[in-house]
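For reference, the structure is listed below as structure tokens.
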Amino acid sequence: MKYEILPWLILFLPLLSVAVITLFTLRSKTVSSLISIGAVVAGFVMTLLFINANGFQFSGETSTNWLSIGGLQIDFGLKLDALSLMMLLVVTGVGGLIHIYSFGYMHEDRSMARFFAFMSLFTFSMLGIVLANNFLMMFIFWELVGVSSYLLIGFWFEKPSAGDAAKKAFITNRLGDFGFLFGILMVWGLLGSLSFSTLQSTLAANPALLGASATLAGLLIFCGAMGKSAQFPLHVWLPDAMEGPTPVSALIHAATMVAAGVYMLCRTLFLFNAESLHVISYIGGFTALLAALMAIQQNDIKRIIAYSTLSQLGYMVMTVGLNGPTPAMFHLTTHAFFKALLFLAAGSVIIGMHHKQDIWHMGNLRKKMPVTFLTFTIGTLALCGVPPFSGFYSKDAILAQTLAQKSYLLFCVGVFVAALTTFYTFRLFFVVFFGKEKSDHAKHAHESPLVMTLPLIALAVFSFAGGFIGITNNYGSQFTMDHETLSMAQQAMEPFKNLFPMLCGLGAVAVGFALAFSLYKNAATDPLPAKLGGLATAMKNKFYFDEFYEATFIRAHDFLAAVAEWIDRWILEGAIIGAIRGGTDLSGRALRLAQTGNLQTYAILFVLGVVLLLYFVLGK
Amino acid sequence: MNSSLIMLEISVIGLGLVLMLADLFVPAERRRFIGYAAIVALGVLLVTSLSGNGSCGQFDTAFGGMFVNDALSLFFKQLFIVAAILVLFMAAEFSDKLAEGSVAEYYSLILFALAGMLFAASSNDFTMLFVSIELITITFYVLVSFQRGKIQSLEAGVKYLILGALSSAFMVFGIALIWGTTGELNFTRLAAVAPQFADSQIFLLGVLLVLVGLGFKIAAFPFQIWAPDVYQGAPTPTTAFLAIGSKAAGFVLLLRVLFTAVPGVTAHWANLLIVISAITILYGNLCAIPQRNLKRLLGYSSIAHAGYLLLGVAALSASGQSALMYYLAGYVFTVMAAFFVITLVMRHLATEDISGLAGLNQRSPLLAATLTLAMVSLAGIPPLAGFFGKFLLLKAVIEAAQTSHNHGYYCLAFTALAGVIISLYYYFGVIRAIYWSKSPEDVSPIVLSSPAKFSIGACLAGMLWIGVFPNTVLNLTNLAAAALGK
Amino acid sequence: MEQINNLVSGGAAEDVLFYVFAALTLLCAILVVANPFSRSPVTSAMFLVLTIISMSGLFLLLQAFFLAAVQILVYAGAVMVLFLFVIMLLDLKEEQRRKIKLFGLIAGLVSVGIVVSIFVKSLASIKPAAAGPTLEGETYALGKLLYTQYTLPFEIVSVLLLVAMVGVILLSKKKLE
Amino acid sequence: MSILTYIAGWPLLAALLLVLVPRNYRVIIRAIAVLATLISAVLAVKMFAQFVPGANGFQFEQQIPWVESLGISYHVGVDGLNVGLILMGAIVAFAAALCSWEIQTREKEFYILLLVMTGGILGAFASLDVFFFYFLHELALVPTFIMIGVWGRGEKKNYATFQITLYLSIGALIALIGLIALYLKSGANTFDIPKIIEHAKANPLSVNAQNFIFPLLLFGFGILVSLWPFHSWAPLGYGVAPSPTAMLHAGVLKKFGLYGLIRIALPLLPQAAQSWAHVIAWLCVGNILYVGWVAMRQKDLNLLIGNSSVAHMGFIFLGIASLNLIGVTGAILIMVAHGFLAALTFALSGYIYKQTGTLQISELGGLCRKLPFIGTALLMAAMAGCGLPGFANFFGEATVFFGAWTTFPAVTVIALWGALVIGGIYMTRAIRNILHGPLPEKWASLADATNAWRKLPYALLLASLLLFGFVPKLLTEKINPDARKIVALATVENKTGVVIATRSSGRESAPNLLAENQRRLASVATK
Amino acid sequence: MNVGLHHYLFVSFMLFSLGLLGVILRRNLLVIYMSLELMLNSANLALVSFSRFNNKLDGQVLVFFIITVAAAEVAVGLALIVALYRKRQSAHVEDLTSMKL
């Protein structure tokens, strides 16, 4: 491996930036943000350097012993292969753009230095997940992205909703992590190692080693992904997470962290057996459908995109479950481009709208914010899968994979979701950028500064071209033995090899667009609730998942907590301690009554004592 | 006839007589110094008795085996003299509360009581036991009721008198029965013949009645009832001497009777001793909880300590006896320190209530610290004497449990433990009253005379020394316990 | 001395005398403790004197002549006079007939009952003396014993008497400073 | 003289010195206390740095006979088990002394007690003689009661003092009985721990004796460590304790019982430990799950922290119960980590209390705005408290999970739930309600810790947490060799043939244990 | 039946019990004190009879000591009671309850 030091630098520069910012430059916004941006951009450059030196088709590890106790061997190691290198590019590249964008977006905020410290912390953690060569290390960074996400969602902590959302995200993620660590323990207990490569070789040598618990172990590990990638039933935190600043949504809740689950599944795919993959694919499909339905009736610009993220993540997970890591990672990458783009553009809209996020207060913004409009359009087209935008290729690969695995139900779901996606995306698109201005803010909206629009443009380029710049080549080399490298033209023509899924996908887009166009071209209010009735309300209320969890999980824990506290207070402390204490005190007071002060009583007691003594010894 | 063996006792009695005579020649305002003279003389006696060449150092018997000098008696005699010295210091501080003309008598009575204790330490015969106990008791009747002007003092005296006489009657009757059955009064010779009578009801009855008398002296359950009233009513130096001297005398005699005279019988009475010890501990500690009068509180606490000391007896082993004596040694300094503070505070404030301690640390930090440390030591907290003593006692009890397979000992250990915990409550109550109750308006400082400071310092030093460097005392007590087993 | 000796020498007469003295002793003792006719301490004291005198009769039967004399001299002669003197001095009225505490009465009676029963039960364990009583009232022997073997207790008792003296003076001094 | 004697001795000496300083020289009193603890801390760091991992026997040993007839000697020394604890104790003591600025009445007495407590704790951990081990612990314990009683806060002060005194004394005395019984049964006629262990190797205690003594030690020490269901004193006591006291007690002194179990009970009473292990493991569930729930309900920050600290003890017990190298090492790791953490949280809550006069969570809110430093530190502490990687606690807990997994999978899963979910819930709820949200107007005038001197204790503790969180090897490489010895002694096979599954190395024995593990997993899965 | 040790001891026991009863039941301090004297005397009787039937004189020596000690005790006791009476104008045990509980 050439330049072995580079991955270490890539990983630790953001951490260094966190340390420097918190310890020294907290007072200075500009310096702090520049340090943070510098760290991630440097990471991007170094990644390119490293790839340049080693190429993609490369696999290597570099590690050092972190902790070793008897049979527990924990290394701090970096695994470098096509998968992680591609992810490195995504994280540092997209991340870098978002960092730059944030410099503009957060410029007014007094805690900008803190923001960039958190962003760097997140970058560090995310890079850690990407580079981790063993389960525990991955878990550690898994937790760390969780906490950085928590910090960033709660960045505007004075807003109660932000605090609540942060809490919710953290706890929901913790539920997933519970399963994840459980699974890790199980795998370790059965296979005796934590290192991915050792596990893979052990398992390859003896596939039966996981035995009966293989499915359980697989599903438990998937729990981790379920939390991070917000899969049903742990999807509830992601929409709320939009309380964070928009760059955070773009970076964490669209491009990188939420994708970590998918990444992890791909990284550890060798562990999963057919049953667990089956379950995973259905959960993914279901999430995709559910989220798309919910997205239809949301009115907050960021939430709509968030649900779309959920839905797209469902696609990816489904694909992994269908044993298609390459299409999944492909979609992950393109999704990172266009979803980051959408979020950043939405952020630009929000800034233009002075932090109003309700789409029904917007309208006709295309004139006021041309760059934003243009880039948003590209993002929309990519998301919907309109050729030749990147989304078209990746989504087609997914649909093709479902057919290849003969999972027709999931194919139908995929196509249906594609239609829904187009529908809600264009609903958003029309309501925000077309029609009339629906509020004063919309009338006075303005275009964002260059530091924000430039990243938009850069991302727009990738969103457009992402489908045929060799992403599949790189992933394919990782997951498929006999993968052949395709030229750019071949890539561009790839969907046409298999026409049926492509046509279905395009048809779905067309249907979705037509519906959206008819309903929202010039709508001032949402016509849908009247048409759908109760279903719309259910969609708007996210199918009552929050309420359901509130009534079950939270209530159950609160109930148990109340019971435990009751026992603590009244039984342990009240009854037992109270009885001991009161009993002691009372017996003291009672015994004391013998000391009447009357000599005669004393004499009687004395004699009684003698009697007692004599009887004790001689009375038997 | 080794009558030289009793030189110490003779000197003490002589000293008492001299003091009484000196009273005639010393002007009233300087009578305090009679006490100091007595202290110096006792100090000399202590040093000579410690030296090993003195009368106590010769280990021998005299008067037909009636009087014995051994390591046990040596240990207790030193303990008694130290206690008496400290009590005399206290009495000197207390003297203005006594009738003016009778200060010297007070000192000499203390010395006579001391003589009784010294004799008790050397008693090896029921006759000696009887007369020495009576000497102590009758002297204490007078000492307890010495403040004739105070009704409580007289009342305490009468209570002590009646119950004391009652216990004497039991004891005498017991001695009569023992002698009647065995024909022996001498402990050593009795031990030789006692096995024949081990199942003789009347003999056992006699021994039990003697135990009643001794139980009264040490205030063990069920003969503890007098202690709080008498402790409360008696002049404070008397109370202190009662709590230590009289109790220790009871214990030395108890040890001699149980382990020299009738060891065979005692061996069967483990359960009896366990029960008595356990109930005594609980009684003393439980009753003390709601107590607000300091002296009365210490009265209850002394009952509890009798219980702890009985652990050492109940263990029926040399290590138990040694632990008992070790504990007593620490107890002397601790209780003396406590009573010293009470004496001085009472002289200043004329109250015995715990609330009177409020603001003591502003009045006199030394007194506050002394009382705190005394309470801490009584509670059995390191590094003071009480901790190591309790540790040794517990160790002895658990040892007994393991060697005898009598689970009662474990129960006893846990009872002792419960007692310690209960006691924390009221001991800390005292400390609390000193430091964090609301200080009164007037916190006039308490001025201490230099002898008072000296003796308080000595108490503190003793408490710490015994707690931190247990080796010296422990060697002595081990020797003493060994002497008992011979 | 001689006469009394002769008087009691006969076995049967001795037995009769024993019963007489014993009955007298106990009866008087009962009257000391619980006199149905009078609760005056003076009555009690007088009966105590009688008890002591009848006891010295028992002492005589037991050939303890010296002690019989001492008993009368010291107890009846000194101690009881002291008692009476104090009673007169204090001019004590009859014990007021306050209501009797039932608990006290029952507890007292029961406990004394148990003590008695244990005492009496244990009487059975006394082994009869191997040889018949041969000890005669040997005042000389007693004195010798007292001043040889028992010198030390004797001396201690003298200190005790001194203490008692001092104590009595201290306690009864009229002047209270 | 061993460096350990100095570490424990300086605070005690300083306490004596303080007795002589007049009470109105407040600056001097503070300076002496801070200096003495600083010296201790510096010496402890030096000692930690000089410690040679894996060396045979004890290091920095010193032995002075004290009571020869009983075999008691002043014997100090460190091996991997206590080297970290002493370091932690000394640093926490220094931080506690620094935090004592909040005490403004009767300072002299407070500092004397604090120093006595510090000396006692450090001495107890350094002690290799059962008697001194206990003696010094008691010496440290009593000042705790007094400090809580005198300088405590809130109206429940008296009740809490009463309860903590009662509980801890009971615990200490039960343990004392156990220790004495152990001393007598061992037959070695010495209180010297290494000698007893050496003696027991040749003459192991009978199983009966072990089964009698072990519960005494377990519950005696357990009460000191707030083992469920004897935990209710802890939150209550810490709720009212002045923060330096809570820091020292919750952080350091509380570890005494656990250390005692590992140092004394495991190697000397192996069979009993094996047969009691499952009891301990299930009691941990009480600590972790039940107390976690209780913590969720708390409305007072200190009570919440107190309960969470009780819950953390559960992980340590679980590590001990696992009776294998990984678990025991993890237990010691948590002990050290939790020491820093508990001290940090109580220091912070003390700061907040000093500023606001209340710790009622409902009264607080939005404090991060006014108190950025304290708020951030509290946030980090809360995160460390729910086992976030990067802080020392994480590796401890993770290691314990790995250790316990092989022996008690079901309990481990419950513990995981407690650590990840319940811990997460109450910690984030507390942060949400204390630090996040709008700032009530009444707190507009709060002041953050601004000068470096004030920040130092928090920064020091956080830095320690982070240091051992990033480089746990610093501790594990020291703990490992000695934990291995303890575990080897603790897993001696029982004559009756009942073998508790233990494994020193997961990797080698993985295939052998396959079947057994699968059976276990199946049973877990069905649950 | 010949009068023997048992008879004397029985009398002694009864005397002792009567004394005990007096201590317990009577309320006048002086009478209580007299009852105590009864108890001491019962011991004397026991000792003398043992002495007679065991053919040993030590018992009688003991009796001598007991009588002396009793006399001393009575002296001190009576002085005390007198002093108390002067203070309280009562020799009733029930009036002596200034210290209790």
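Order of writing sets the chain letters: A, B, C, D and E. Residues in each chain are counted from 1.
Keep this in mind: a residue touches a chain if its C-beta (ideal position, glycine included) is under 8 Å from a C-beta of that chain, and two chains touch if they have at least 3 such contacts.
Computed from a predicted structure; not experimentally measured.
Chemist: Which other chains touch subunit B while also touching subunit C?
Modeler: Expected: A, E.
Chemist: What shortest step count links subunit D and subunit E in the network of chain contacts?
Modeler: 2
Chemist: Which chain maximises the distance between its CA centroid and that of subunit E?
Modeler: That would be chain A.
Chemist: If you average all the Cα positions, which chain's own average lands nearest?
Modeler: Central chain: D.
Chemist: Comparing centres built from CA atoms, which chain ends up most distant from subunit D?
Modeler: Here the answer is chain C, farthest from subunit D.
Chemist: Of the pairs A-C and A-E, which shows more C-beta pairs in contact?
Modeler: Of the two interfaces, A-C and A-E, more C-beta pairs touch across A-E.
Chemist: Averaged over CA atoms, how far is the centre of subunit A from the centre of subunit B? Could you give it in whole Å?
Modeler: Chain centroid spacing, subunit A to subunit B, equals 77 Å.
Chemist: Mind checking the centre-to-centre distance between subunit C and subunit E? Centres are C-alpha means, answer in whole Å.
Modeler: A distance of 7 Å separates the two centres.
Chemist: Starting from the mean Cα coordinates of subunit A and subunit D, work out the distance between those two points in Å.
Modeler: The answer is 35 Å.
Chemist: What whole-number Å value describes the gap between the mean CA coordinates of subunit B and subunit D?
Modeler: Whole-Å distance between the two chain centres: 43.
Chemist: Mind pulling the residue numbers of subunit D that touch at least two other chains?
Modeler: As it turns out, subunit D has residues touching two or more other chains at 162, 166.
Chemist: Check each residue of subunit C and list the ones that touch at least two other chains.
Modeler: 104, 107-108, 111-112, 115, 118-119, 121-123, 126, 150, 153, 157, 160, 163-164, 167, 171 - these are the residues of subunit C that touch more than one other chain.
Chemist: Please set out, as single numbers or ranges, the residues of subunit A touching at least two other chains.
Modeler: Where subunit A meets two or more other chains at a single residue, that happens at 592, 595, 597, 599-600, 603-604, 607-608, 610, 614, 618.
Chemist: Pairwise, which chains touch?
Modeler: Final set of chain pairs in contact is A-B, A-C, A-D, A-E, B-C, B-D, B-E, C-E.
Chemist: Which of the residues in subunit E end up touching subunit A in this complex?
Modeler: Against subunit A, the touching part of subunit E is residues 20, 23-24, 27, 29, 32, 93-94, 96-101.
Chemist: Quick check: in the complex, which residue numbers of subunit E touch subunit B?
Modeler: It is residues 9, 16, 19, 23, 29, 32-33, 36, 39-40, 42-43, 46-47, 49-50, 54, 56, 58-59, 61-62, 65-66, 69, 72-73, 76-77, 80-81, 83-84, 87-88, 96, 98-100 of subunit E that touch subunit B.
Chemist: Where on subunit B is subunit C touching in the complex?
Modeler: Against subunit C, the touching part of subunit B is residues 6, 13, 20, 62-64, 66-67, 99-102, 105, 108-109, 112, 115-116, 119, 127-128, 130-132, 134-135, 138-139, 141-142, 145-146, 148-149, 180-181, 200-205.
Chemist: Tell me, which parts of subunit B touch subunit D in their complex?
Modeler: Counting only subunit B, the residues touching subunit D are 376, 381-383, 387, 391, 394-395, 398-399, 401-402, 413-414, 417, 420-421, 424-425, 428, 431-432, 435-436, 470-471, 474-475, 478.
Chemist: Could you list, by residue number, the parts of subunit D that touch subunit B in their complex?
Modeler: Listed in rising order, the residues of subunit D that touch subunit B are 66-70, 106, 109, 131, 135-136, 138-139, 142, 145-146, 149-150, 162, 165-166, 169-170, 173-174, 176-177, 180-181, 183-185.
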